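The following pair of complexes shares a single chain, chain A, combined with chain B in the former and chain C in the latter.
For the complex of A and B:
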């Protein structure tokens, strides 16, 4: 059997820059390297010496798609360090903001980045030529999320209204009210999206993953919870670094995160869904069941359907918060900084986002650690590619190359918000 | 996003300026710097918006009568080189694709608007050739000067457009 190399020099529709190289030798996969040219931890260094209060706005710049997630993990970590709890309507507003981000990020990925793969289009522009109404609806769905983020965050990207302790300004009931109609429409559009995505042609491919997600006592997880897995992990977030470690791999600037003594694991929508199905709302659960989606889903290509189910949930949850909103008496709780460590872990659209800070008694950040979801999925993406190429080794190279790109996009990787030159190579020795 | 308040005289065309970029990534901030400079000039009837990348472009140009977009580009030209395209006349060149910081580039965002019949009648895109895009770098000297020049050109174009 021939030796081959699958090589994609420019992997489009993935955030950030990187390249993929897969080598086969005598019909076996000999090497898989997802090279990420992510600028090494600039932001962690940049945070040192800055005021604790600057962390939400600085970390929001790490990603234009999931800036709310960065803000949420950072404010929770700071509040954890200072012994503050944010409850009531302020907590609800944070959840609403997060719903907005899930809606916009998932809608973008489902329709603009991932659906073209399934339907055989190069990109969303080509898709829009044949399905203008679908793309038009997708834009409107995404906009429902944008509208939440713009209203609560002060603007659509890199929101600036979030602070440690709460918000700079909270909306009035009257300001939030117009979101309700949009969210009802969006919820229905999301239910249609579940049907649309479930009708896509899926590759037969399953792997045996360790799924990891937050789990909350009563909610589908966003801001809070314990870290659990389908293989018995059950820890508080402050123990994260006892169980997980980051290592530098030679072929990539991005650090790979692994479970100590265990290896790769899976974070993101599929992990949340499999571990928290019982916490989804009734409508989201029935939308899932209607298309035959119940845990445990182990085909990563089906993540697109799970994202759609999460959009249903996020629209419904946002609607619940909007309709029951009472303006809080203060926009934020009082914050008195003190020296110590703070831990934050929230569910970004792509999976758990861990922040840990050390704060000095002057309120300045002495040390920061940020582990984004994509760094945690990199090992799993490589494992998927290894398994997928091995199972399809006889398929034509062009077909295999496209499917490998699709397999990377299953994870909606947000590699960095750098110039996006993601390159993919499949190479024979 | 709510539209900024401001009274318009009925004969003026309302122009929307969209600056694109990431201010923490060297020359990628060029589009934002230009937009902020023009915002300071307080041109009557002008809306100034900011975007992180092409992802938001399709939505941000929707419904506008006339749009000017400004973004950093990488085409291989000398840093600080200014280019101007009439997007209404045809597809934008690929180098917007390669320098985009986001999943959908400005060129793709504009193209998507065109396919969906949402491209404003007037849509001009300015590109400023960048040199360095590493996080944490300041704007390079060439791009800083080019941004000043671009602000002058764009202000003139906005005033001409809105008087049309």
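For the complex of A and C:
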């Protein structure tokens, strides 16, 4: 058996900078490293001494793709610290904003970052030459999500309208109404996307994962819920740090998050779907069943289909909120800061995003901890690579390299997010 | 016969990816832009990564590690025209908040094994290391301004990007002044426009995403903030945001530090 090295110096079509190094020795996988060389940015450090009210704007800058997720986890954490609950139409508007982000982020990943792998293209620009209608439709679908974020948040990236307690300004019924037609179109386009993605050729590969997601009493989870798993985990979010820990490995600028005594786990669309299928809307459930997708899906390559199913749900949910919207009397509830701890955990497009803050009686942040979804999936991604290479060790190197890249992209990793916490790599330097 | 399409490369340094993503967020225009140039290196979008030299290099992110310094110098050699996009590349970004602290303390707060981390003491803009042909501001940039810059390059003209303040744009939009009428602290008078006076349009004060405008009178604004009841610490924080290390904002924030 030959010794082989699979090396990708710069992973394409992921958010941020990472590299891949896999070594095999005598037919066995001897080393798997998802190297994160994205420079560290130290968000937790410079949040200290900032005002509680700045957290949504500052943490948004961790990620240009899922800034809404950071805003949502941070406002919930602050409200938790101050004993405030945001209900009614303000809560609905937050959910609408999150739907917008899920739609644009998932559409980006499905068509621009992931589909080219399945269809044998380097990128969606090449794909557009052969399938112009598919890519045009993809852009329109993405735009439907971005239109929500831009209308409600002010702009697509780093929205300016979210604050602790609610919003700076809420839209009128008349302003929201035009979204309805776009969302109806988007919902249908999303159902087609489910069919399109389900028709892609999938690697045969299944692993036995611990899936972890939020679970809410009545909704498909976005902003609130308990943390549950397929292996019996059932905890409140303030207990997160009792069950999970971050470790710093040498090959990465990102921290790896693991379950204490258990190890790697799986967050994101597949985990949400497997644990919350019964909370999906009827149309989303039928779209899933029509292509034979019911829990438990354990092939990570099929995550692309589950993302599409979530887009169907998000379009429908957004439509429901737009159609039943009534302008609230105030754009935000009153916020009186007080000293204490606050916890927030919401479902970013890529999975659970945990924030914890300690606030002083001056309203300043004394301490912050942020655990992004990609940090939580890194261990699982490396395990997948180990298993996948072991099962395909005799395949040609080019094929294997591409499929390993695809296996990483299954998770839609956001390395920019991961590096304020991700481990740093030494080998390169 | 059509001229050869310019070879364009997009490089990332320390950043959130949002500015390069703006190109994909221009859903209506993206394919047209992609068709007008040869995207030779854009890892977030494509596995196809052609070697330089390039006609145009677009740089996102701040220079924040020893490796970054070498990398940006190499990129400059490879690119005929170099454009920087976003507050990280033009001013050091939010991560430049480390510039007021000892980076070792920061590393200790975030990482369990700080010895694995390699970082410069400061997070700096591209222009601190190499010549930059055009700087496009914003946190994030305005996607239409990016398209304007690309368009200008394609037609060999100067990009039309206004350097006046958010205040001017706010007046053009017919907004009622949030600072004068509601007493909300607003950096609009000293911040370059580009956002479309977004925050005042949503009833909040500008927080400086596009950095200092042309000849900003930051001291006068700081005084106004003080009259509105803001403490010295509040004023320091206001200027020490996403463009904290841009000269005018840096100086004003330092004036209120002690």
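Couple of notes before you dig in:
Following the convention adopted for this analysis, the second predicted complex is superposed on the first by the 412 of 429 C-alpha atoms of A that agree within 3 Å, B and C clash if a C-alpha of one lies under 4 Å from a C-alpha of the other, contacts with A are read in each partner's own complex, and residues count from 1 in each chain.
Keep this in mind: a contact is a pair of C-beta atoms (placed from the backbone, for glycine too) under 8 Å apart; a residue touches a chain by one contact, two chains touch by 3 or more.
Here the structure is a predicted model, which is why all the values come from computation and not from measurement.
The superposed arrangement places chain B and chain C in clashing positions on chain A.
Once the two complexes are overlaid on the shared chain, A:324 sits clear of chain B and of chain C alike. Legend: residue contacts after superposition of the two complexes on their common chain; A:146 is shown touching both chain B and chain C. Looking at the shared chain after the overlay, A:61 reaches both chain B and chain C.
In the superposition on chain A, A:248 contacts chain C only, with no contact to chain B. In the superposed pair of complexes, A:26 makes contact with neither chain B nor chain C. When the two complexes are overlaid on their common chain A, residue A:85 makes contact with neither chain B nor chain C. Considering which of chain B and chain C touches more of chain A, the answer is C. When the two complexes are overlaid on their common chain A, residue A:405 makes contact with chain C while staying clear of chain B. Touch criterion not met for A:217: it reaches neither chain B nor chain C. Only one segment of chain C in 58-66, 112-120, 166-174 or 220-228 runs into chain B in the superposed model, and that segment is 58-66. Shared contact residues on chain A (touching chain B in one structure, chain C in the other): 13-15, 39, 42-43, 46, 61, 64-65, 108, 112, 123-125, 128, 135-136, 139, 142-143, 146, 155-158, 420-421.
Touching chain A in their complex are the following residues of chain B: 1-2, 22-25, 28, 50-53, 55-56, 58-59, 74, 98-104, 108, 111-112, 115-117, 133-136.
Those residues of chain A that touch chain C in the shared complex are 10-17, 37-46, 48, 50-51, 54, 57-58, 61-65, 67, 104, 108, 112, 116, 122-126, 128, 135-136, 139-140, 142-143, 146, 154-158, 160-161, 163, 168-169, 246-248, 250, 253, 255, 331, 405, 414, 416, 420-421, 423-426, 428-429.
Taken in their complex, chain C has these residues touching chain A: 12-19, 21-22, 24-25, 27-28, 30-31, 34, 39, 43-49, 64-68, 93-95, 97-98, 101, 103, 105-107, 109-113, 116-119, 139-140, 195, 198-199, 201-204, 207, 209, 234, 237, 242. Put simply, chain A touches chain B in their complex at residues 13-15, 39, 42-43, 46, 61, 64-65, 108, 112-113, 123-125, 128-129, 132, 135-136, 139, 142-143, 146-147, 150, 155-158, 417-421.
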